């Protein structure tokens, strides 16, 4: 199933990129959330898939069964999910405050830091 | 697993798959905000069912924990969305020219 | 015996989940869709939890399965209550088959209150 | 919650603990903690306690009454849930949707928040009904009904079957 | 013992952020703790540098799990130097901040976030694990987000939106590349990667993954044409914040690029170095032209960061030992100088009332001490001898000419000239030109501001006048960069 | 010699403090510094050839050493630098009497002096370059000394940019020279001529070095900065821009003559550029009315002459160059100081307003007259000697054209000498002359001494010839040079030509008095198109280019930034992918219904998120994507991941809902997000690329080393059955530490965003966003 998931990742990324190209900051952030999903899934897939058993050592055993899933990508993705959440939630709060202070969430209307007049 | 369980399992997966797809269709179709929330709420419920079924299939109780967590947590998003719709409703009441209902939150 | 029970619960649960989905798709308005989701869905989920409880059989699993059922039973109604309320507040058009609506006009969006029917009011204790 | 002779008679919680201990003892004796063993253990423990109820005080000890009420309510409720789900399934799977929905105002007897909340939640999971909201003065529960042929019957059903039984368990 | 110095480079700032957070309700204690921990970090960085210099590369297997299984901290000379410079810059900016920030800024978690930033920066410099590098990048990134918005002005919010958005792109790219590389090699340890990468069969995929990782680092390093986030935001935050950013953040990207290009992606040097060379040239020129178009202190300085990143990339791209020496030397010099220029911009604003050159002036007459303090880093940046920037530029140009890289040398020289143009623009407008609103009344600044500036300026002079020891360090760092096998052996031991 | 070079720098450091302490009396103390160095140089004149070298290591890793060499050439320059330096220090004390920035002035002046000494004494190329650049830098500060005046600032910048450009070329040239010559020491390179000129690096090195020298010595077309530099205080003009710094280029040419000279490239570039500069300077001198500018143009002309003289690489011309170098330094220094005196005492430098100053400023006149005699090349001054030798040079190069050019230039300079040195003192008493009075003695010492020296050397030419000029020429030529000077040799054609030149000059002077104004009028439009305007155009062009580029690249529009980033990444990645094997993994199993369903659902939900035209649909669809991903994690044996994913996704959706509530109604649709096809294209390419990369990764056999190690070690070493957990809390605990830090910092950051500074409201403060100067109001709120 890895190839199918690889294509799904591509679709997620394409959608994410499309959203991130928007001039609406909230849409851009939706894109980032989507991109995070795609990228996390890609790491998961890149570490190869297993349907057999989760990486839990069965009671009484010492070594994980041979068919069990690769635990490392799971740990990596777990870290990445949480980190992505931290970034996204900050960015969402920023979007809220940006609207409050700049009166818009459209990035092409945000011209305070780089005003139109000065090159 | 005996053949009986095997067949039941396959049938169950098929039914859950169908449920996912149909529920998602409603999510997309809408047409109003509450319809979508109902759909998402139900999709999470089907997810819970899938997790429970997977626990049964693999024998790993870790998936039961997943189902449990989903049962608890999915509620939160429903609450948030319901609050969101209420707020949309309150705002519509203040608007002179509210947008059409299927675009109520625009 | 247990296996039969588990198979039945599994199939039943999945079937009710499917019914819930079909209901959400087929029923004509948001309020009715919620009936499908909250009733059939909750039953489906609960049956699958029970299936797990019987199928895996150990104590911890059973307790967790029961807890899962409890969560479903607790959260589903609250969710549908909140969505229903939101539906009413938003004034989503209801299906024409509607026979009676005691709630119509009871919500006041400005003061954000919900009044009882005009004929009735609980005397303050 | 009445407790007529607190000095001599153990209250309901103490009996519940005793019952659970008997249940665990039962399971220990059989060496299994399967749901089935637990259920039979609880039933056996309950029976043992009931048979020896003179030891624990009055015959109408609240523990026995409320436990039985709880079980019967659970059974009633489980049946209601199944029935309601079945009803929905029939509606949903029938070639044409024939539902005649409506919203009715149900006057409430229950006054405490927990009672109202529980009732509202239960109503949702039972056949054809779904609570939407409670009026701000908590006098009325608004209920959406999927097959609203006889509003008064629905109101009566809620009041007699649900509210009464529920209050029995909770009070 | 040496291993502890490496670990402490992460743990001290992390502890500092926790402690300063706990002392949030006590302003004085928080400030004192913040400075104390920054000093402690500096002490640790000095010890780490000493240890690396004395005993060679410091390698720690975190929690004693063998490489490549656990996370390895691996500090070579470059890592130690970068850590040291980060600690110096951090301390200088924190001292400066004590005079700059108001209570409301302090309450917005200035101190804890600053230390988180330092933890991220130092973590990036000491780690030897690709995914762990990603984690520290995120740590410094999120801290930079927080620091960027402290103060909450419109400009900050606007700048933050762009900064955040583009850095999120870079971050996702980084993570995706890590996933690809892990999928190709099954390992994350950089030393292990150095050994395994040549065995990869699907070389096209490897190349593409390498390029994507380099693009992610390039974005963090603000190279052409991925630098948009930097000039969009760096002129908006508190001065001490922008100084730390200016000094450290992009350098982490450059450091990471140097690390992976010299250690891991050695399989297709013609292509990778070729791409880097073009990037370097375009980065230099576009950055400096961008600066030429600006009329505000920090906007000018921000574009100059971009252009000077080009020099460092140039050294990496040429890739000879001398070129790497130049890149390392430039890195060190630039952190000190650029952070200082931002700090000076803050003082200039304090005295002249604005960072807009049009609305500034008269500082030469009113505050000769500031003029001198500006002159040193500014003309060091422009590459005038005998300041630090001269040697950096000289080495790189020599390295380019040695390899007959005519056009890149020409680009470097033209960029140098335009840098002079920008620095003299600031000098002419803010210092020489009379102030448009008449005389300047405030002519002094708090010692907490002037001392860090003076110390950093002194560093610039010392690096310039007594370049040999610094050169020796850069030479050793470059020699180590040029010997990936030794790095791998130090980390992995006798592993096949 | 290190001490010699460092002494002025020490004086520079001490100067501000001494002025603050002693006031203007410090000037006399200052004068002792160059005077002492002058004596040192005099004492060391003996060891002029082949020179003495002292080396101190500096940056051995880069072959930079503080090695100094004293030979005839550097001795001549050292004497000029320190001797004129002494007089200029005294002169400046008078000229800048009462100036508030006196201390700073002397600090910079001494820094310049040290740098200039460094240039002429350094044997190491790098050290030479360091000092060379320092002279540019100090010159910049001195030209802009009157920083309140826009003209001064412009002139300073122009000087710095032009000499800076040259400096950078020079650096490159020197690096190539060192490589070709095999050494960083000039004394070694001087011996390397034979192979150096065969090196492929010779031509680029020479061109670059010439660019450096020509810009520094104001050769055409880089001369425009020198007249501008007259914005500097007159002592600076006298010192830097006539006697010393501008000759650094000439010095370096002379210094490198043994190594680089003798080739055709050398001959023609020096000859042609020198000749053009010589003529051009003379012509422009005639067209100016500002006394200092007239002198500046004659300096340009003289520098052209010097370069011109160095072109042939033959003994007569080199000796002539050295003699003229000395003469010019003396008379031009004197004339500048005289000009300063007039400006200072009469209040103007405008030649059209100056006449009849003789009565008021007799000593000044005397000095001016002496200097003018030298300049004009009349027999009583050393100038005569120089002219004589120029004649020799002209013969030597055998080119009639340059002979004519030199003669014409000489005639013009004769006229200019009369204009600048004589005309202000005669004629009717002007308004300026009425106010004027003689300058203080400190300001007279310089011109009188320099003018007097010219006279002495003129009377006893052998004095200068033996002790100064011949050793210098020897150093340049690399062989012992001798020369015999007599005031009068014979009535040969050279003498006649010289006399004719004088006559022409005199006629030109008379013509200037009558038609000068008309010439100026006619010349103005031509002047407006000169290199000085060119400089402005270059700067304007640069600004326009910079602005244009920045508007395109740094447009301030985030969506363009994002699009550009993705495009660049895609292009680079695609280009890289083609450089190697790119096998793709194929589908090996059929999968299960639920897997396909979830995959389809997730993909569909993603597309719906993008296409959604209402906010809630977008957010709920995003929630569905999250759910789908969680389901995939679950289906492929990652329960912990699924739990985390679901919890996080739910939290995201909750936060989104809460945030969206706070934003007013805006269409989440793609309205205004254009160009749509381009965005779609970028998105499609990125998606395809990601899929292909991942498929490529999957085609690679997977290395299970780490996976197996974790599987084996989790229980015995990590003491945990959940391998993922063990990795997170033990094997890779550092990641988890960072992860926790990120979340904590995100929380702090989010709180920081929400805090609004208690400041004045934004607005009205332009691009720094209304951030108030923190000193003003930041504190104590």
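Labels for the chains are A, B, C, D, E and F, by order of writing; each one numbers its residues from 1.
Convention: a contact is a pair of C-beta atoms (placed from the backbone, for glycine too) under 8 Å apart; a residue touches a chain by one contact, two chains touch by 3 or more.
Computed from a predicted structure; not experimentally measured.
Once chain C is left out of the assembly, the remaining chains are joined by touching only within these groups: A, B, E, F | D.
Listed by label, the chains that touch chain B and also chain D are C.
With centres computed as the average of Cα coordinates, no chain lies farther from chain E than D. Taking the mean of each chain's C-alpha atoms as its centre, the chain lying closest to the overall protein C-alpha centroid is E. Our note on geometry: chain C versus chain D, Cα centroid distance of 17 Å, whole angstroms. A separation of 21 Å divides the Cα centre of chain A from that of chain B.
Taking the mean of the C-alpha atoms as each chain's centre, chain B and chain C sit 12 Å apart. Chain A and chain D have CA centres that are 45 Å apart.
Residues of chain E in contact with two or more other chains: 131, 135, 138, 142, 145-146, 149, 152-158, 160-162, 165, 169, 176, 180, 183-184, 231-232, 235-236, 293-294, 296. Contact of a single residue of chain B with at least two other chains is seen at positions 13, 16, 18, 20, 33, 37, 39, 58, 60, 62-63, 65, 74, 79, 81, 83, 85, 104.
Touching two or more other chains at once are residues 546-547, 550, 554, 556, 558, 562, 566, 596, 615, 619, 635, 637, 639-640, 651, 660, 666, 668, 689-690, 694, 697-698, 702, 704, 706-707, 710, 722, 732, 735, 738-739, 742, 745-746, 749-750, 753, 756, 762, 766-767, 769 of chain F. Applying the touch criterion to all chain pairs gives A-B, A-E, A-F, B-C, B-F, C-D, E-F. Within the complex formed with chain A, the chain F residues making contact are 546-548, 550-551, 554, 556-559, 562-563, 566, 585-587, 589, 591, 595-596, 599, 602-603, 606-607, 609-610, 615, 618-619, 622, 625-626, 629, 632-633, 635-641, 644-645, 648, 651-652, 655-656, 659-660, 662-664, 666, 668, 670, 672-673, 679-680, 682-684, 686-692, 694-695, 697-698, 702, 704, 706-707, 710-712, 714-716, 721-724, 727-728, 732, 735-736, 738-739, 742-743, 745-746, 749-750, 753-754, 756, 762, 766-767, 769.
Residue ranges of chain B in contact with chain F, taken from their complex: 10, 13-14, 16-18, 20-21, 24, 27-28, 30, 33, 36-37, 39-40, 43-44, 47, 50-51, 54, 58, 60, 62-63, 65-66, 69-70, 73-74, 76-77, 79-81, 83-85, 87, 91, 99, 102-106. Contacts from chain A toward chain E in the complex involve residues 20, 25, 28, 32, 35-36, 39-40, 42-43, 45-48, 72-73, 76, 79-80, 83, 86-87, 90-91, 94-95, 97-98, 101-102, 107, 110-114, 118-119.
Of all residues in chain E, those touching chain A in their complex are 131, 134-135, 138, 141-142, 145-146, 149, 152-162, 164-165, 168-169, 171-172, 175-176, 178-180, 182-184, 231-233, 235-236, 293-296. Contact residues on chain C toward chain B in their complex (touch as defined above): 3-4, 6-7, 10-11, 13-15, 17-18, 20-22, 24-25, 30, 33-34, 36-37, 41-42, 44-45, 48-49, 51-52, 55-56, 60-61, 64-65, 67-68, 71-72, 75-76, 78-79, 82-87, 89-93, 109-110, 112.
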